[in-house]
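My questions all concern the structure below.
We call the chains A, B, C, D, E and F, going by the order they appear; numbering starts again at 1 in every chain.
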Amino acid sequence: MSPLDYTHILTKAVDELSDSQSYQGLFHQHKEGEPLPSGKSLQRIVELARSILFPGYFGNSTINSQTINYHIGVNIEELFELLTDQIQAGLCFGVENSGIQEYESPCRATSAKLAAEFISHLPEMRQILATDVEAAYYGDPAATCFGEIICCYPIIRAITNYRIAHELYKLNIPLIPRIITEMAHSETGIDIHPGAQIGHHFTIDHGTGVVIGATCIIGNNVKLYQGVTLGAKSFPLDDDGNPIKGIPRHPILEDDVIVYSNATILGRITIGKGATIGGNIWVTESVEPGARIVQRKSKDF
Amino acid sequence: MSPLDYTHILTKAVDELSDSQSYQGLFHQHKEGEPLPSGKSLQRIVELARSILFPGYFGNSTINSQTINYHIGVNIEELFELLTDQIQAGLCFGVENSGIQEYESPCRATSAKLAAEFISHLPEMRQILATDVEAAYYGDPAATCFGEIICCYPIIRAITNYRIAHELYKLNIPLIPRIITEMAHSETGIDIHPGAQIGHHFTIDHGTGVVIGATCIIGNNVKLYQGVTLGAKSFPLDDDGNPIKGIPRHPILEDDVIVYSNATILGRITIGKGATIGGNIWVTESVEPGARIVQRKSKDF
Amino acid sequence: MSPLDYTHILTKAVDELSDSQSYQGLFHQHKEGEPLPSGKSLQRIVELARSILFPGYFGNSTINSQTINYHIGVNIEELFELLTDQIQAGLCFGVENSGIQEYESPCRATSAKLAAEFISHLPEMRQILATDVEAAYYGDPAATCFGEIICCYPIIRAITNYRIAHELYKLNIPLIPRIITEMAHSETGIDIHPGAQIGHHFTIDHGTGVVIGATCIIGNNVKLYQGVTLGAKSFPLDDDGNPIKGIPRHPILEDDVIVYSNATILGRITIGKGATIGGNIWVTESVEPGARIVQRKSKDF
Amino acid sequence: MSPLDYTHILTKAVDELSDSQSYQGLFHQHKEGEPLPSGKSLQRIVELARSILFPGYFGNSTINSQTINYHIGVNIEELFELLTDQIQAGLCFGVENSGIQEYESPCRATSAKLAAEFISHLPEMRQILATDVEAAYYGDPAATCFGEIICCYPIIRAITNYRIAHELYKLNIPLIPRIITEMAHSETGIDIHPGAQIGHHFTIDHGTGVVIGATCIIGNNVKLYQGVTLGAKSFPLDDDGNPIKGIPRHPILEDDVIVYSNATILGRITIGKGATIGGNIWVTESVEPGARIVQRKSKDF
Amino acid sequence: MSPLDYTHILTKAVDELSDSQSYQGLFHQHKEGEPLPSGKSLQRIVELARSILFPGYFGNSTINSQTINYHIGVNIEELFELLTDQIQAGLCFGVENSGIQEYESPCRATSAKLAAEFISHLPEMRQILATDVEAAYYGDPAATCFGEIICCYPIIRAITNYRIAHELYKLNIPLIPRIITEMAHSETGIDIHPGAQIGHHFTIDHGTGVVIGATCIIGNNVKLYQGVTLGAKSFPLDDDGNPIKGIPRHPILEDDVIVYSNATILGRITIGKGATIGGNIWVTESVEPGARIVQRKSKDF
Amino acid sequence: MSPLDYTHILTKAVDELSDSQSYQGLFHQHKEGEPLPSGKSLQRIVELARSILFPGYFGNSTINSQTINYHIGVNIEELFELLTDQIQAGLCFGVENSGIQEYESPCRATSAKLAAEFISHLPEMRQILATDVEAAYYGDPAATCFGEIICCYPIIRAITNYRIAHELYKLNIPLIPRIITEMAHSETGIDIHPGAQIGHHFTIDHGTGVVIGATCIIGNNVKLYQGVTLGAKSFPLDDDGNPIKGIPRHPILEDDVIVYSNATILGRITIGKGATIGGNIWVTESVEPGARIVQRKSKDF
């Protein structure tokens, strides 16, 4: 029996899979003329932002102080165009999928305005990222210089994507911020929701497995280790049994908190200023400022 | 001393590394005319399956309900060709490497038959994936719509790869299913063995660090959090000291079980219907239906 | 208002971001004529090394025993050129960023010499990797053959990158080794510092979330599971409050140790020969040879 | 003197070249939101058209008669989208550059209408191309089958691009038709203006150097050889000394004419039905039907 | 009217274009499992041959005399595989399209045998190409060295493709040789039929527009200029009006002939040893050895 | 007989082709550390130059007058780096292959100096190209605007490459200029030697087959048609029978000359100011200013 004999099996599958009953809820019909959310385009947006924020490390590596403005100029212009497209894609997606309509007109003009606003925040974004680089450097005896941190520490990739995404999140753009933080999640294993609020001098060592929930509030000079969860304990359902959106349900970490590896902190509790949470523990109640919590001793057997 | 002076060092290394003694067990001699397992090709296979299962989200994004059958038709045809090749590659690999010969003739005809069989299961695969999307949506207050789940939640990527791989695993195709689940493992940090059995409405929140072993049986409506291990406790060795293959050694999770982050459940134990396993704990004995298990309280110091 | 109206916002951002005050510490000025550290080039270096070490599995898949030396010859030559470049890039980076100057002349000649030295160690690197493949195979009942291990087990990717990086680390090349291990970290979730010392027959099952610190010493036949941390407990600061570099601060694991999933072992302690560390626990004191440590029992509630 | 010392030379050149005086007439300012004429996109458009017109030869080569409609469906849809964009780009270009405004609104809606109209002519375009393939086959004893003609004869590439471009030319779309025929000119050395009118069963042997001017009218069953020019003899200027556009100035070739290699036929003359023009000659006066014209004998010396 | 309104126009075109009546003679149905003639693959084949024949100029440019055999070994192996595929594609195409069946079994084994035979002729092909390089060098006062000839003279590209194609032509492989010479035709404007016979020390200056027909016989030390045609005067038809294949109908050029630019030589005539044909003339009768033919004087007017 | 049986044929070919006797004169040994002439890099150089010279038409198409300096700045910097490399490659090639050593030190510093000098001439190169665009526009009634000329007329591609190459030729850089004009030759069929001297307002209509030799001198406002040769009649040999280099041997065309299609003008003759040369003729003697030369009348037969 030659492979052509399978044509009827294949065409039967095509027919079933093209039946509109079969793809309800799993189908995205695109409106002609609207840009599409594009992973590839968002990847480029993040690359452009990174090459603007850390000049000479990413992208235009032959840059010098006399020609830097040419490079930043070209990158900002490309960023503006791509971001305008992706913001418009996000706004359209929001309107169609969630009935969210933050802006009267989710058109190109609104998107361009929001993209320009985002770009106007890049200088302060660079300032706060500089503090994150410092925190990573001073927190790791194995680090040899700032350059090594910027080039290869996963936290820098994760926190940069988060700070970009958070800025877009504050502009009420649907979908796009989450795709950007999920890119960093895939690359680093660090999952920071774009809605979380994070102060300056923030760092995470190693990072794989860290989860920071949507309503977390994190102060300044906070340090986490790999595997730390800042999650929700449970969430109230509405009358239809759907989770109620927007209720604060993740922890608050005040300034100078340290959380060691694989600790799990759940619910809208507060870890007080300067507290230390030991590794591999499960914390569901607030912790006093300055306190130190550790796991009970293990036993031999 | 110019770089050319190192030629003798390089050619010496070439000679040592080309010596057949030196690569025993690490060398794969390919038979002429047989297709090769190809990561790139499998990546394309998964992309095609994704664009068929979730039309408009991946791949042909300009699709509409009147032209959807063209797109699905072309994608199914490409899928059939690539999959026939990769199935043949897997069957040949199995025969050569493990002496496994499930089918009398690991030739193109058998492979095409298996590829067609796989494709005939795509409609039901879409149905069950629709329940997984629902489970992810109703389980996360931060989710704004089904579309966001499909576009950026890592569980959708991981469970799609798993459901594809499991279907191929049931057809007794060596190697290929594992490569497909490892792709998702690399992208999401979620490691589901293609041999595991998983019911409908399955979800994992965040996901990094989850491990689901080869002989796991998971019911319907089960939810896991990041860092959960469903592993083996130990495994018996045969007389030569090699692990005995195929013995059930991973947990059974009945319907409606929830397992919180970083919990470790080991061995062929049963977590009863509706049980809840708290985070960061280590479970090696069966748990009653409806039970809730948590970590002992931590202490201050 | 047309998008052109945002030109003044964009050019203002360009000016601010091109101001040399704003990028202090975040700017890398490249010296003309020196090669740059390149992720793409290092990716190719690792691919070349992999295709040399495991012939027929990666890269030139149509290789046979009579033509293998052509392929290894060409790959070694390309490896030599790319590595010479990247070593030079690393040496220059070290001099500029950390004032480290291991070699009198961080020029092309020194780099070529170091690249040739690295290549001369490839045969022994293949020998020890063969033991790692064995360890992975005998440690997993789900593995069907060596070929499956080499093709798709994340530990092989991680340990190969580590062994390459460690060899470069021993040659005192800055930056490059860390970039290579971080590539594997991103792909596998396994974070092994290139400075760690690891014996033969080493394996990690599943692997996501494993951290192995810079001063770890790991014996032979050691097996780790996913989520294991071999970390530092704390580190002394110098008079300026900076962490003191180079102090041994990570654990020593003697031969035949097994550490189960999500265990955290911290500080310069010794886990004695043949000891077993149970999952999800926190170990900060040395453990006797042959001992078995487990988590305290969880409780119901 | 290090390369950095040239920075002032480079920045001086940048300043001069950015001065608006210096680029007058050579600068194309793009209006935001309008698509751009794109060589890459037009290349794809031609490829798509070719794979639709000659199914199985270009593009989707695994096509069979049961699945052909999937492939044509997908290709038509992609063609429609890309062509809508490029038609819009052409209309905008026309308005800005030449003040040509064929349509009231050079917007997306008009462009989509014109793209759909173009597509509705593809079936008849295929019919006439079938006659061109025949003419090439019966005119060359070296041809072994229709397939060889379609795969590798330059005339097929040139005449296909011409027939596509001519259809767009008839829709009064500026710029785009000419770019399409110039692509074929670059690939084959055959330069056919999109405005020329050419009957069925047309062929050119070898083809390099052939020129067919904008106002040529060519009947059916005409055959040209390489190097033939069908050009203008001279053209009247208007009062400003500019050439007057749109005056018929190229030859008319009636049915069944043959023109041998390197012949040059100039001006609005008529080559009568069935006439034969010998090679390397220069014809500026009309030729009777059935006549045969040749070069005067060469002489020895 | 939105673009979606054109869906019925598009689907109507799809239906018409998918109707089997409409694509008769223009459709290539591919047999499953047979390789396809591939322009991309043939391009690679020519590149590989070029990098083998002119080592260090094309492809592996860092080659040195001690490592050249690695590079040639790898290139020969890749060439063998790709060529085996393309030869098989050509044989299958021949059987299906022209009923030509040169070999009993147009299968992989035959194709591999022919590919190996081709490769065994590469050394002598290099020898004769060396004479062509010499001829080009000594024939052009503007040439500065052999390297310049090899790198950028179009004749070298054209003659290399021809000599490769002619070798395949002598092995009776359909289609493939013609595609290879048409590649050079497109790149250089030089159209040499793979069936022509050409001696050593052959060169063409500039080259654009040269045509050398299928049954030409060209001696040694022959030089042509741009625009020269060696064509057929006319060709007899069989009883069905089809051109009779395989009759000698192109010129014979004996040794040491020179033909100046744009000369046209037609029919099975002989240009005697050492004759010189002036430019822009039309020759249809044999020319004595040593003769010089030029155009009649032009006149003023 | 399996394909592996051909291994001995292949390895025999490898041995013969690796024998240093066999590649004499055809082998280019590269010196480690020196850049290589690279077609790909030169293609990019030409693209960069084009996007600088005709802003908005090629490359950065979204450019506007306020951001143009960013784009030109970035392009000039990239051009400087690539050109420095390729100039160095050309100088090294010249020294090795032809013993030409124009500069004392063919090192990076010299190359950077020459690259900067080239760049300083770009503004005047733009001025003269503006006159060529004008000449093409006013010479073709079919042209609709300057933009159409710049986008798709082959003369613009050819004359731009020539003017770039001629500038490098005047700096005595070997090889590179010729590669650049040969690129245009391949794309347009117009072969202009980089050594030719060409005035302003130069144009060629259609262009395929035009040849302009190395020592041509062409005045202002000259227009050529397709197929025109400005070549050498013969060239004196030295005592070894090699052509003597550098002797003026191509025509001089004074201002305002027009040469019609396929005319051949040979030798160091002068075509006087304002003369017109008819098509398809062969001119080997000087022509008076203002004269008009045409072919003798053809005859019927």
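In the analysis below, contacts are C-beta pairs under 8 Å (C-beta built on N, C-alpha and C of every residue); 3 or more make two chains touch, one makes a residue touch a chain.
Keep in mind that what you see is a predicted model, and the values were worked out from it rather than measured.
Colleague: Can you give me the shortest step count from subunit C to subunit E, moving only between touching chains?
Modeller: Minimum step count, subunit C to subunit E: 1.
Colleague: In this assembly, which chains make contact with subunit C and also with subunit D?
Modeller: A, B, E, F
Colleague: Subunit E and subunit B are one sequence twice: same or different residues at the contact, by the over-half rule?
Modeller: same
Colleague: I need the pair from B-D, A-D or D-E whose contacts repeat those of C-E. Over half of the residue-number contact pairs should coincide.
Modeller: Comparing each option in B-D, A-D or D-E with C-E, the repeat is B-D.
Colleague: Quick check: how many Å separate the C-alpha centres of subunit A and subunit F?
Modeller: 52
Colleague: In whole angstrom, how far does the Cα centroid of subunit A sit from the Cα centroid of subunit E?
Modeller: So the centre of subunit A lies 57 Å away from the centre of subunit E.
Colleague: Nearest whole angstrom, what separates the Cα centre of subunit A from the Cα centre of subunit C?
Modeller: About 25 Å separates the centre of subunit A from that of subunit C.
Colleague: For subunit E, what residues touch not just one other chain but two or more?
Modeller: Residues 2-4, 10-11, 14, 32-33, 62, 64, 67, 69-70, 72-73, 77, 108, 189, 208-209, 227, 262, 278, 280-281, 294-296 of subunit E touch two or more partner chains.
Colleague: Please name which positions on subunit F make contact with subunit D in the complex.
Modeller: So the residues of subunit F touching subunit D come out as 52-57, 61-65, 68-69, 72-73, 76-77, 80, 84, 108-109, 112-113, 115-117, 119-120, 122-123, 126-127, 129-130, 133-134, 138-142, 144-148, 150-154, 187-189, 206, 208-209, 225-227, 260-262, 278-281, 294-301.
Colleague: So in the complex, the part of subunit D that touches subunit F is made up of which residues?
Modeller: The contact residues of subunit D facing subunit F are 1-3, 6, 9-18, 20, 22-30, 32, 36-37, 93-94, 96-98, 100, 174-175, 178-179, 182, 185-186, 189, 191, 193, 195, 208-209, 211, 213-214, 227, 229, 231-232, 235, 241-247, 249, 262-264, 266, 278, 280-283, 291-296.
Colleague: Any idea which subunit A residues touch subunit F in the complex?
Modeller: For this pair, the touching residues of subunit A are 60, 62, 67, 69-74, 77, 81.
Colleague: So in the complex, the part of subunit D that touches subunit A is made up of which residues?
Modeller: Contacts found on subunit D: 4, 7, 10-11, 14, 33, 64, 66-67, 70, 108.
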